[in-house]
Each structure stands twice: as C-alpha cells, then as structure tokens.
Amino acid sequence: MITPGIVLLVPIAAPILAAAAYAVAGWRRASAWLGAGAATIVLCAAITLATTVSRSPLVGMGGLVRADPLSAFMLIVIGAIALLATAATPAYFAAEIAAGRATARTAARHSLLVALFVAAMSGAVLAANLGVLWVAIEATTIITAFLVGQRRTRPAVEAAWKYVVICSTGIALALLGTLILNYAATNSPARAGLNLAELTAAAHGLDQPVTRIAVALLIIGFGTKMGLVPLHAWLPDAHSQAPAPVSALMSGVLLSVAFYAILRVKAISDAALGSGFARALLLVMALGALTVAATLLLAQRDYKRMLAYHSIEHMGLLALGAAVGTPLALAAVLLHVLGHGLAKAVLFLGSGRILQLTGTTQVEQVRGLAGTDPVLAGCVGLGVFALLGFPPFSLFASELAMFRAGYAAGLGAVITLALLLVLVITAALFAHSGHMLLGNPSPALIEPHPAPGPERSDVATASAAPTPTAITTAVFTAPATTTTLAPASAVAQTAAPAATSAAASAARTPTSTVIVLIAGLLTCAVLGVAAGPLAQLLHLAADTIAATP
Amino acid sequence: MTETLYVQLLDLACGGLLLGAVLVLWRRELSVIIRMFAAQGVALAALVAVLAAHQRSVDLWVVAVGLLILRASVLPLLLARALTAAGPARRETRPLVNVAASLLAAAVLALLAYAVSRPLVALAPSPATQAIPVGVTVVLIGFFVLVTRRRALSQLVGFLLMDNGITTVGFLTTASVSLVVELGVSLDVLLAVLVLRILTARIQETFGDADLDELAELHD
Amino acid sequence: MTALGVVGGIAQPVLIVAGSPVLVGVMRQVRAHLEGRAGAGVGQPWRDLRKLFGKEAITPAGTSEMFRAAPLAQVATTLVVALAAPFVTTDSALGVISDLFAVVALLAMGTTVLALAGLDTATAFGGMGASREMTIIALVEPTLLVAIFALSVRVGSTNLTDIVSATLHDPARVASPVSLLAAVALVVVVVAETGRLPVDNPSTHLELTMVHEAMVLEYAGPDLALVELAAATRLAVFLGLLANLFLPWGIATELTPIALAVGILALVVKVGVLGAALAAAEVFMAKLRLFRVPELLAGSFLLALLAVAASFFLA
C-alpha cells in the first residue's frame, strides 16, 4: 500500500530520476519525452495530494516535507507548466539541432538541468522548514544559471552573470532574514524552530523589532527572485536570453515559487506584527514593479524582453493582491498564478518558435506572422489576449476579483493607480504584438532562415511541400518584388523553388508545439469559465495564509 | 574555558573579521584581496571554534573545521586559479567609488550596522550577541564591494564577504542552527562560487577580459 | 598638581629636549647601518644644532613676524605637551592640559604655525609644502582624536593620565580588538604627523617630493636650529605617547627615586626601540605618491572608527 508519505516524495524523486536517465541515455527519440513524462507524474501526484490534504496537512520524511492546500496548489501549477514546457522541448530542439545551433549533447544537458530544476521547485513548495525552502530556492538559481547562459554568445553570458550575482545577493539577504527569524523564534516563549507550521502558530510571541527586520529582509530577498523592485534588473536579461522552454518555466513557475515563499513569510508576519507591515512593504514593491514595467514596456524593441517586463508587471499584481490580504484577494492571487503561468508559458514557447523562424528578436523586423503561419499567429494572438486579461481566460476573473477585493479593503487609491499602469502596459503590448502579427510579412519571415545546406535540402526533398502554404508564400513573394526589396527578391526568385519548399517546411510549426500551445490556452480558458474542483482548493489554500487574526 | 578568556577570544576573532573586510576594501591588487579573504575565513573558523569550546558542542567543532576547509582553503584556491587564468590585468584600477571614499563609506556603514543591530542585541544580551554588529558590518561592506567594483573577481569576493558576514550573524545569534541547514548553506556557497568561476571563464572567452564594464550590451 | 606630577613636569621636558636629537641620531645610525653606510654618529644632530645656534640670525626679505615666531611657537607647544602628558610619571604637572583634546590641539597648533610660516615666505615651494601638510593634517587629526577616544571609552575619561593608569591596572585590555585597531591607526598617524616614510621622506633633497622640508627651506641659523629641535621633540613626544598608551609598564606611579629612575629608563628604552623599528621599516619602504596618501589616511581613520564602534558594542 502506498503510504501518504511516499506521495510527498514523488514530485521530487520523479524529475531526479528523469535527470539521471538523461545523464545516462543522452538525447534520443525515446529519451526526448522523459522530461514530459516526469512532469506528468508531478502533476498526477499534485492532484492526488490536493485531494488528500483538503482535510488535513500531510507531513513526511521526518518532518522535512509537508503538504497543505497551498503547497498542493503550487505543485499543480509547477506540474502543469512543466508539462507544457517539457512537451514542447523535443520539437524545439529538433529545430535547433536541424539549424545547427545546438547538438544532441546540449539538448541532453538542457533536459537534465530542467528536470533538476523542476525537482528543486517541487522541493521548495513541499519544504516544511524555512531553511530547507531557502536551500531549494538557492538550488534553482544555481541550476538555472547554466540554462540561461546556454548559448555561448556575449549577451547570454552577460545575462547569466547578472542573473547569478543579483539573485545570489538577494538570496543571501533572505538567508540573513531566515537566521534573524530563527533567532527571534528561539528566544520566544514558545521556543519554535524554523518549522513553518510551528512558526506560524507561535508567531504572536515573537519579538517585534527583530521580527520586523527579519521579515523585511526575507521579503526583499525573495522578492529579488520574484522580480520585484529594487533588485529586478536581472529579469529582462535572463528571461530573454534563455532558450524558450527555460524562459517559459522561469517566467511561469519560478517567479511564482518565490511568491509562494513570500506568502509563507507574510503569514508569519501577519501573526507577529499585524497585517500592516507586510502590506505596506508589498504595496511599495508592487507599485514599483508596475511603474518599472509600464515605463520600460513602451519603448521596448525586443519581444522576448517585452514578455519579461510583462512578467514583472504580473508579479507586481500578485504582490498587490497579497498586500490586500483578504481571503478573496488571496484566492484570486492563486488563480492568477496558475493563469499567468499557463498564458506566459504559451507565449514564451510561441515566441521561441518565432525566433526560430525569423532569427531575430526585434519587434520591428517581425511582421505579418498571420500570413505566413496562421496557427502559430493564432496561438500567439490568443495568448496575448489571455495575458491582457480578456474573457474567457482566467486572468480576467482573477484580476477582476483582485481589484474588487482591493477596493473592498479600502485600498482604492492604490488600486486605481495600479489600474492606470496596467492600462498603459495593455496598450503597449497590444501595439507591439499587433505589429508582429498583422500586416504584410516582413523579409525575415519570407526569406529562409540561414542554415547549413545538406540537412536543409534533405528536409526539403523528403517532405512534399504542402500546397496551401506554398501558394501563400508564392502569393506574398509577388508583392515583395514591388517593394524596395527588388535586388533581394531577384535572388529570392532565382532560389525560389528550393526557397519556397525550404521556407514552407521550416515555417510549418511542429505538431507537438501546436498541441502544447493550444492545450495551454484551452486550460486557461476553461479555468476562466469554471474553476471546478479547483475552486475549493483555492479557498482552502487562501485560508491557510489568511487564517490569522 | 573561563568567561573572560572566552570574551577576549571572541572579541579578537570578531576584530579579525572586521580587519579582513576593511583590507579587502582597501587594497587594489587582486591577489592581496584573495589572501585577505582567506585570512577572514580563518578568523570566522576561529570564532566558531571559540563558540564550540564555550558550549562544549561537538557539532560546532565539526562546523568550525568545515568552515576552515571551505572558506579558508578551497574557496581562495578556486579564486586564485581564476586569477591566474584571468590574464595580465591584476589590479582593480578604477572602482566606481575611489578607495579613499569607499573607506569613509565603510565607516558610515559600520555606524549604520550598529544602529540597525540594536534590537537584535537587546533581545538576548550576551557576549556573543553583542558582537552581532560586527557581522552586519561585514555584510554591508561585502555588499558595498559587490556594487562598486568593476572586476568580476572583486565582485565575487564581495559576495563571499557578504556570505561570511551572514554566517557570522547566524552563529552569534543561535549556535543551534540545524546541521542540515548549515550543510545546505555551505554547499550552496560552494556551488555558487563554482558557477561564478565558470561564468568568469566564459566572460574571459567571449569578452577577452573580465572587466565587467564591458558588459553593457543588455540595457533599455 | 601632586608632587609626583611636579617632579614629572620637571623631568619630562628636560629629558625629551635633551634626548630627542639623540633619538634622531640613533634612527639615522640604524638606517645607515642597514644601508651599509658608516653613518655620521649618534651625536651628529646635537653637533648640527650647536653649529646652527652659533650662526647669524637671518630672515628672507618680505617675511613677517609669523616667520620668526613660528619655530618658537612650535617648540613652545611641544614643550607644554612634554610637560603635561604622562611620559615618566602617571601624574601630570598641569592636570587639565593632559586631556586628549588639549594635547591634540597643541600638537596641531604647532603644525599649523609652521605651515603658515611656509606660506609667509611667498615662495612656490613654501606654499606647496604648506598645502600638502594641511591636506595630510586634515585627515590625520580626526584619526588621532578618534583612536585615542576609543581607548578612553572604556576608562570613562579622556584624560591621558587616566587612560595610562587604567591600562596599567588591567593589562589584558591591550589584547582586545579595540586596542589593536587603535594601535594600527595610531602608528599611521605618527608616521604622517612626524613626516616619516611612506608619507614624507625626511632626508630627501628633491624639492618636489618634500612636504615638511619644503616648508622650512627658507630657514637658516638659530631659527633652523629651533625648527629641527621642534621636529625632533615632536617625534619623541609622538613615540612616547604611542608607547605609553599601549605599553605603559615601567612608568612611575609613586614618588620614589627608584620608581623615577625606572620610569626614565623605561621611557628611553621604549622610545628608542620604537624609533629604531620605525627607522628599520623605512629602509624597506618607498614613499607613497601624494594622491595615494589620502587612501592610507582614510584607511587608518576607518580603523580608528571601527575601534570606537567596537569599544561601544563589544563586551
């Protein structure tokens, strides 16, 4: 009989086993899907846990791991988005290897690190002890450092360096906060340790000035990993330079895991210091994040950086919701975590595909995607709608609930300011993505992306170019001759037969990627209409944090 | 161990920590900075050893030996290897804030650390907790070095100084931090340094010199 | 004003004025010996002073009273410090003057007066030396005050005699971080105030590298003798303060001939050893470039400040 304690270890053990398999087997047709398999196991274990812990929390492994409704929900988030990212990885790497930008060894190492990354994140949300939580989050920084710097280009190395230095500094501040909280706890009447449940229960006996210092350090430290002001400068660089599946995971999940840590700290802080302190701190950081995102999104020229700044905005919204602190706000915040994670993962995977098609990350040079690849453009467009909070996607429901809760809690001025900033960001994102999806296709989309010869011709001859796409590209190469691209089009015309078939085969988004994108969007939409059994879990999880006087 | 001897040795170890931090801020030659960091590691291990002798705790003795190996030998060795691979430039020539001003800023940071740690000392006054401001000063000085130096190795040493300071505060506040957590922290420090070392090497390859002033391509 | 203090007040200035040129002679001999030269002998500074006192008193045209008064003022202030501070006895002849702030103010006045005299000559080198000296002093005075203040926090009084007595009664205090940090800071201060390497080269003949020598370029005859005597006594006073603040053993605490003799002997030995050590260290050091000197001084200021902070919070 499977004891409950074992279920707690599965989400951590399964990805570690997958990583070991990658170390041994490398990247092959069969092993490519191991990562997705591990993610599925994590998701299933998460759902099992969710049903088990709705009555009472589950503790295992000598008190080092613990699952309550909040951890179960976060585990679902991790599992779902990891599944999306790892399911899109085989197609992503197939295209990268075909283009000569990666080797099978790179792909194997990537999948190994991603599996370890998922294991570390699962460990963080299942940690029963603040110290273990810290160790797990630090582990994610170290693992992702190599993932961010995977392509050995100058910007990638610079991004990796900034990422490690800034995040390690933030995490070091969080460690100082942990140690000071431990000090306050051992000197309190209840003599608690760093065990989260004990600490939350004994929090009202903690010395106030010392706890204030500890909580401030912890929130600022974990806020660094979440992308909140002031130590947010690493986020746009790291998320834009990392490969697409990694960006999806980092933006979608890692930021939320850091937010989970902040939620746990907030529970302790509210019990010890009253809700005012954490609320004020989170409000300041949230407004700072929204302002930074709004000002820097307007002039953004790189679409991956644009998505990264947009993540900062949503993290600001999460912090805002957490600052409000009522059960309704917290439930909305948790739903937002899931919705944002899904939509952001879809967009990053889509943008990774756009990068592979066009070879550029500049918004200016990508135009008319709807003409060349309607499916991809449709998914990206719907993803943008989802992120901007349009119904039926779940972000609409969660943002609405958050703002309502904010007004109800008396934070009207702050919420109005936040809404204005969100409006600015919406306009910016609309403008940039509209530019990319609509209009006549840009040269970057029409001309074949440069690639080594032999593999490309093999692919061209092997696949019979699907006629609809060939006709559309032929139709669009005609107007191109009338533009100022005359000399280039002459070259394009002479190389047209091979070019069109090559472009055709390259422009066709792989089926697995499309399935992943559509699955993500569908889940987001379904959640927006009816949360189903998830609703009860959300309310239980919200009560875990808000259940303080 | 008598009480006065304990207090004296504790204070001497803290003085050594402070002096190490000041000398890292003061000197320009990278090899000297690394040696000062190693000396500070020895002072930290001595501090934990004094605490261990006072509390007669075997755990703490083990941790003291571990700290001596990790922070006084392994980490400086790694840094020295990175230095030899770094090329001819061996000095921090143009820090963001010049040396005289940084030393005066460190004085201000010391006062700030003292002010901030007052509630911490007031919670449980004892000779050990009265030395907490020393740890906080080292953290602040490490942060300052991290932010104002241009060379990758100097920034790395600044980060490690911060970590030394945090470890000091940890051991002075409660000597009973769980062994698991201490192991985890040490492992993370080691891995962070390894990662940064590898990244320094990559920066060397791609940029030609580990002067982080060159890293200005990603900006808005 | 106790009897011990009075006796000390008589013995100390005599000893210091008579002995400081000998100290300078010893330092020059040590340096010569280490550099492989024969040296001029320990009594050469006294022979130079005797020669200079016998010369005609002459002042450059265009200088004012400041120029003639400065050497006298310097010797006077240093003599007062020699009288008041605890060198041979723990009691002071002028009780109030042995306070930290009074001593530092007197010594600073001596330096400032000489800088003014350097400006008074209206020559380029005089002005250059004066401005360099004031830059150094601006950084050194706070360090001097703060470092000795750190020592005084534990004692509860800024009077130097009280500090020395307290250290005598509690020898273990010398091994605390407060003492050690203050000691390092004070060594740098002494080097800077007395114009020794690596801040200033006392035996240089290149005007552009001079600090102290540049200010006194125009002096000749008895005035120059007074200037040299003042420099020697300042050196002896600073080294004496350094020795007695940290290693006060041997100082006379009671009015008996034995105690006084031991006190005099202890002072001579300690100052002699410190001077020889300073001279030996100079052989291995090069002069710092002028714009690097503020770094050194800022570092010593930081150490002094850390000593004060440590004295407040360390047990």
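To keep things simple, chains are lettered A, B and C as they appear, and every chain counts its residues starting from 1.
As a convention for this text, a contact is a pair of C-beta atoms (placed from the backbone, for glycine too) under 8 Å apart; a residue touches a chain by one contact, two chains touch by 3 or more.
Note that this is a predicted model, so its numbers are computed, not measured.
Judged by the touch criterion defined above, the protein chains link up one after another in an open path, with no loop closing it. Taking the mean of each chain's C-alpha atoms, the chain closest to the overall C-alpha centroid is B.
Rounded to whole angstrom, the centroid-to-centroid distance between subunit A and subunit C, based on C-alpha atoms, equals 67 Å.
Each chain gets a centre from the mean of its Cα atoms; for subunit A and subunit B, those two points are 33 Å apart.
Centre-to-centre spacing of subunit B and subunit C amounts to 37 Å, using the average Cα coordinate of each chain.
Those residues of subunit C lying in contact with subunit B across their complex are 172, 175-177, 180-181, 294-295, 297-299, 301-303, 305-306, 309-310, 312-315.
The residues of subunit B lying in touch with subunit A in their complex are 116, 119-120, 122-124, 139, 143, 146, 152, 155, 159, 162-163, 166, 169-170, 173-174, 176-178, 180-181, 184-185, 187-188, 191-192, 195-196, 199, 202-203, 205-207, 212, 215, 217-218, 220. Contact residues of subunit A toward subunit B in the complex are 64, 129, 131-132, 134-135, 138-139, 141-142, 145-146, 149, 152-155, 157-162, 164-165, 168-169, 172, 175-176, 179-180, 182-184, 186-187, 193-194, 207, 209-210, 213, 236-237, 241, 296, 299-300, 305. Across the complex, subunit C is touched by residues 4, 7-8, 10-12, 14-16, 18-19, 22, 26, 99-101, 103-104, 106-107, 110-111, 114, 121, 127, 130-131, 133-134, 137 of subunit B.
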